[in-house]
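Okay, so chain A shows up in both of these, paired with chain B first and chain C after.
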Partner chain A sequence: ENVDPQKTAFLLRKAWTLYSVTPLYRFHRARLRDYARLLSAFIAAEKQKGLAVEVGVELDIKVAVSSLADLRGSEQDQAAVLVQLSLRSRASSRNSEDKLVWLGWFCSMYGDDLSENVPEDFTCLPLFLTHGAESYTSMVGSWFQKTFDCCFRRLAISPLNLSWMVAMWAGCKLDRAASAVELVFSMPRLSQPLDISYAIHPEDAKALWDTVQKTPGEITQEEVDVFMDCLYAHFHRHFKIHLSAAKLVKVSTVVASAHCDGIVKILHSQYLPGVLMLLTELAISQIQ
Partner chain B sequence: HLATSLPLPSERDHFRPRIDLIVFMIDIKSKYSLKNVEASLAYVDASFFLGKVCFLVTGVGRVNACSIDMNAVCKLGETYCSPVLFCELELEGIRVATAQRLLRMLQICAGHIPGVSALSFVSLMRKSDDD
Partner chain C sequence: MDETVAEYIRRTVLKIPRDEIKTMLQKWGFLSEAQLQTLNFHQIKDNISQEVVQLCEENSADIKQAAVLDIIYNHIYQNKRMWSVYQMKKTGEELEYFDITDFKKKFKGRLRSALKNVTITFKEYEDNAIWIRVAWGTPYKKPNQYKPSYVVYHSQTPYVFISASVLKSNLPLLCQALIVASNYHDIREMELRSHSLNSLKDIVFKRYSQNFQTYYPKPLQEGNVEPESGDIRIVQENRSEKERIHRLNWEVFGGGPQPKLEFAQYKLETMFKSDPKMGVLDKKEPFRCLVKFSSPHLLESLKSLAPAGMADAPLSPLLTCIPHKARNYFKIREKKGLFPESFVSP
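Then we have the complex of A and B:
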C-alpha cells in the first residue's frame, strides 16, 4: 500500500470516467510492448476505415502500455496497467514532445472477492478509468474486448453509494484548508431540470461525522443514514424542501468528487488507495 | 383510496368504508418515501399486521438510481410481518401484473375468497426455521 505519491501524481485532479471490466483472458504482463504495438496498429486501421474520426485529429497515434507496480492493494491484486495514447509529433526537432491525448488504466484495489473465484489464465483488473476523448476510449475498449474476451460497462454510481462516499470522505482528517463539502441534487418530475447545490463547511461536516461514527475505521449503513438525515433535516428547517425526495447526483469533498454518471476526480494522494478500494468494490458488484 | 401519509384525516372517519388492505408504497429513488412510510406505520392499528398490510417497492427497474438501502426495506417487512412486493411501474406488463396481485390479495383480505383469509399471508411470512 506504500504508493509513491510522485508516481501517482498524474492520477490526481483529472476527471476519470469509470467502467467495470470482466477478467481478462490470457493477459501476460511480459507482453505489454507487444500489446502496445498491436493496439497501435488497430487504432491506425480504425482511423483508415474512417471510424471514430474527429475533425482535425492526427492519424499518427503512439501507444504505450505499462505496469504501475505499486498501484495495488492486497497481495492478490494485480498491479495496475496504464495505457497512454499520444500524438506523434510531426516536427522533426528533438525538443518537440509527443502530446498525450488519452489515458486509461486498469486497476484492482483489494479486489479479492473477484480474484479469489476466478480460474487460472484470467487476470482480474475490474476497474477501468479513462481520461480523454470518447472515440479513443471506444477504440481501446474494442481492442481489449476482442483480444482478451472481456466486457466493459460504464459504472454508474447510485445515490446510495454517493451518500456513502460523501460520509466517508467528509470525515477524513484535514491537514490544510479544505474546500466545502458539496452535494448536488436533481429535483424529480419537473418540466425543466432543476438542481440544488448544498454546500457545507468542511469542518462542520467532519464534526457531524465524528459525532455519528462509533468505531473509527468502520462505517455502517446506519451511520451513513444518520449523517444524511441530519443534512436533510437541516436543509428542510431552512428551506422547507425534502432533499431526501430528490436524487443525489454529485458529491464533492476535499478528498474526491464523484458524479452518478460514473465520473470521479481524486484530489488527495493520501486517500487514493481508499477511493480506489471503494470504486473497485462498486466495479466488482456490477460485474457479479 | 390514496393517501400521501397516515393518519387519515379524522373528519371523514364516518364516511370511510372498512379498510381491508393497506399497501405502503416505497419509491426506491426516494429516501423520503421510506421515511414517510416508517412514520405512517405508527398510526396503523396492530390488528392490520395480521396479513392486511403489505409493502410495495416501486422503481426497481432503475437500480442505478437507488437511494435506499434494500436491507432496511426487507427488515421492515420482517419487523411488521408483512410481505414486500417489488415492481417497476414504468413497465406496463409489470404494472398490470402487480395490480392483479394486489387485487387478489385484497379479495382475500376482504373475505371474498372462501377458505383463505388474511391470516394465510402471516403463515407464509414465517421462515421455515421458526418451526
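Then we have the complex of A and C:
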C-alpha cells in the first residue's frame, strides 16, 4: 500500500476528468508496447481523416503505455496503466524534447467488489482519469473501446458523494498551512443564477468534524448528515437561506477538490490511496 | 509622431468592435470628417487600425490626444472594469461653488509635485461626471499607458468612483490629489465594488426604488392558479403564504428594478450554535467562515429566493441591507449582550 511519492508526484495538483470503464477483454500486460504502437497508428489515421482539430505544422503524436506497479490497493487489484501522448514536431530540430499533451490512466484501488465477480479473460480497471484535450480523450477512448470491448462513461459525482468527500477530507490531519474547506452551491430555478461559496477555516471545520465523528477510522452516513446539517444551520442562522435546497456542485479541501461534473484534483500524496479508493467505489457503482 | 503613441493608438483601435470604430473616432473628433471618409471599415481590424495610425501621423497626434480616445473607449465599455467607491468628507457644510478649471489645476499640481512622470487627461460628460485618466510612471520611467487608473467624479456629490490599475501603490497619491482638488479634507474607501458603474451610482445616489412601507398594492388575482380538486383549505393556505412572501419582498426591495451588483462577500466571525442534544462543537471561539454570493444580477436573484422556497421571508437583513448600506463587503461579528442572536457589522 505504500505508494512511492516520487512516482506519483505527477498525479498531484492536476485536474483529472473521471470516467468509469467496464472490464477490458483480453488485455495483456505483456503487450503494452504493441498497444502503444497500435494506438499511435489509430490516432494518425484519425487525424488523416480530419477528425482531430490540428492547425498548422503537421505534428506527430507519440504514444507511451506503461504500468504503474505501485498504484493499486489490494492483492486483487490490477496495477494502474498509464497512457501518455506527446507531441513531436517534424519541423523542429532532432534534439527537441517531446511535449506531453495528454495523460490518461486506468486504476483500481480496492476494487474487489468488481474484480471478484468477473471471468478470467477480463481485466478490471474501473476508474479512468484524463488530463488534456477532449479530442485526444475521445480518440484514446474509441481505440480502447474497439480493442477491448469496453465502455467508457463520464463519472458524475452526486451532491451526496460530494458531502461524503468534504466531511472525510475536512477531518484529515492538517499541515502547517491548510487551505479553507470550501463548498460551492448553485441555486437552481431562479430568475437569475446564483452561486454561493461557503468557505470555512480548516481548523474550525476539523474541530466540528471531530466532535461529530464517534468512531475513529469509521464514517457513517449519519455522521456526514450531522456535519452537513451543522453547516447548513450555521448558514441559515445568518442568511435565512436553505442551503439544503441548493445543489452542491463543488467541494475543496487541502486534501483534494471535486466537482459534480466528475473532475477531481488531488493535492496530497498522503491521501492519494484514500481518494482513489473512494473514486474507484463510485466508478464501480456506476458500472453495476 | 512618437512610435509609442502610434502603437498605443493602434492597440486602442484594435480593442474596439469593428462596427463601433467609426462612431468612436467621430466622438473623438481628432480626425476630420474628410479623413474618416477615406477609411475603409470593411477590412480586417488590423488594417483599419494601421490606416487610423497613418491619419493620426498626418495630424501629429501626441499622447494627450491618444489618452482622450482611451477615455472614450472606457466610458462606453465601463462595465469591463471593476469599480470601487470612495466617499469624501468635508469639515463644514458650506456648499462651495465648483470651479472645474480650479479643480483640474489643483489635481494636476498635486500629482505632478509628487511624481514627475504622469499623463493626466480629463473629459466631462453631460451627467456632471468628470472622467479622469491617470497613467503612472516613476522618476526614471515614462508613464505606462497600458495600465492607467480611471476616476469618475460627480462634482455635486462627495462620491468618487475609481478603477485603479494594477499598480495599487499609487492609490494614496490619487486620493490625496482628489481631496486637495475638490476642497474636501478626507476620503475613505467604501466596502462597495462592482463592474456596473451605473449600479454603483444608483446605490450611492439613491436612484433605485426603495422600500417605502406605506402602500402595498392589492395582490393580483391569481387567475392562473387552478383550484385543487379536493381540499379547498389547502389552496387558500398556499395562496396566503405566497402573498405574504410577495408583500414582504415588496416591502424590502420595492417595486422597481434593483441596482446591478455581481457579488457580495461576508467574513463571518460569529459563534457556532447548535442544539445541545446533538453533542457537537461547543467552542468559545468564533466559527470562521467566508461566504461569497455571485450572480450576474445579485439583488434580483436574492429577491427570487423566498418565492422559490429556497429562503425564509423576510430575507436576512444581512442581504437586504446591501443597497441602503451601500456596501457589498461585510465583516460580521457576534453582538454581545442582550441580543445574542443579532449581528454587528462594523
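What we mean here is this: the second predicted complex is superposed on the first by the 275 of 288 C-alpha atoms of A that agree within 3 Å, B and C clash if a C-alpha of one lies under 4 Å from a C-alpha of the other, contacts with A are read in each partner's own complex, and residues count from 1 in each chain.
The working rule: a contact is a pair of C-beta atoms (placed from the backbone, for glycine too) under 8 Å apart; a residue touches a chain by one contact, two chains touch by 3 or more.
Since the model is a prediction, treat every value here as computed from it, not as a measurement.
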Could you say whether A:62 touches chain B, chain C, both of them, or neither, answering first, second, both or neither?
neither
Does the superposition put A:260 against chain B (first), chain C (second), both, or neither?
first
Touch test for A:204: chain B only (first), chain C only (second), both, or neither?
second
First, second, both or neither for A:14, with chain B first and chain C second:
neither
In the superposed arrangement, does chain B or chain C reach more residues of chain A?
C
According to the stated criteria, A:225 is in contact with first (chain B), second (chain C), both, or neither; which is it?
first
With the two structures laid over each other on chain A, which partner does A:158 touch: chain B (first), chain C (second), both, or neither?
first
Under the stated touch criterion, which partner chain does A:242 make contact with: chain B (first), chain C (second), both, or neither?
both
Intersection of chain A residues contacting chain B with those contacting chain C?
242, 245
Please output the residues of chain C touching chain A within their complex, sorted ascending.
266, 268, 270, 272-274, 278-283, 287-298, 300-302, 304-305, 308-312, 314-316, 318-319, 332, 341, 343
Quick one: which bits of chain A touch chain B in the complex? Just the residue numbers, please.
156-160, 163, 188, 221, 225, 228-229, 232, 242, 244-245, 247-248, 260
Which bits of chain B are touching chain A when the two form their complex?
29-33, 35, 63-69, 71-72
What part of chain A is in contact with chain C in the complex they form?
180, 187, 189-201, 204, 207-208, 211-212, 226, 230, 233-235, 237-242, 245-246
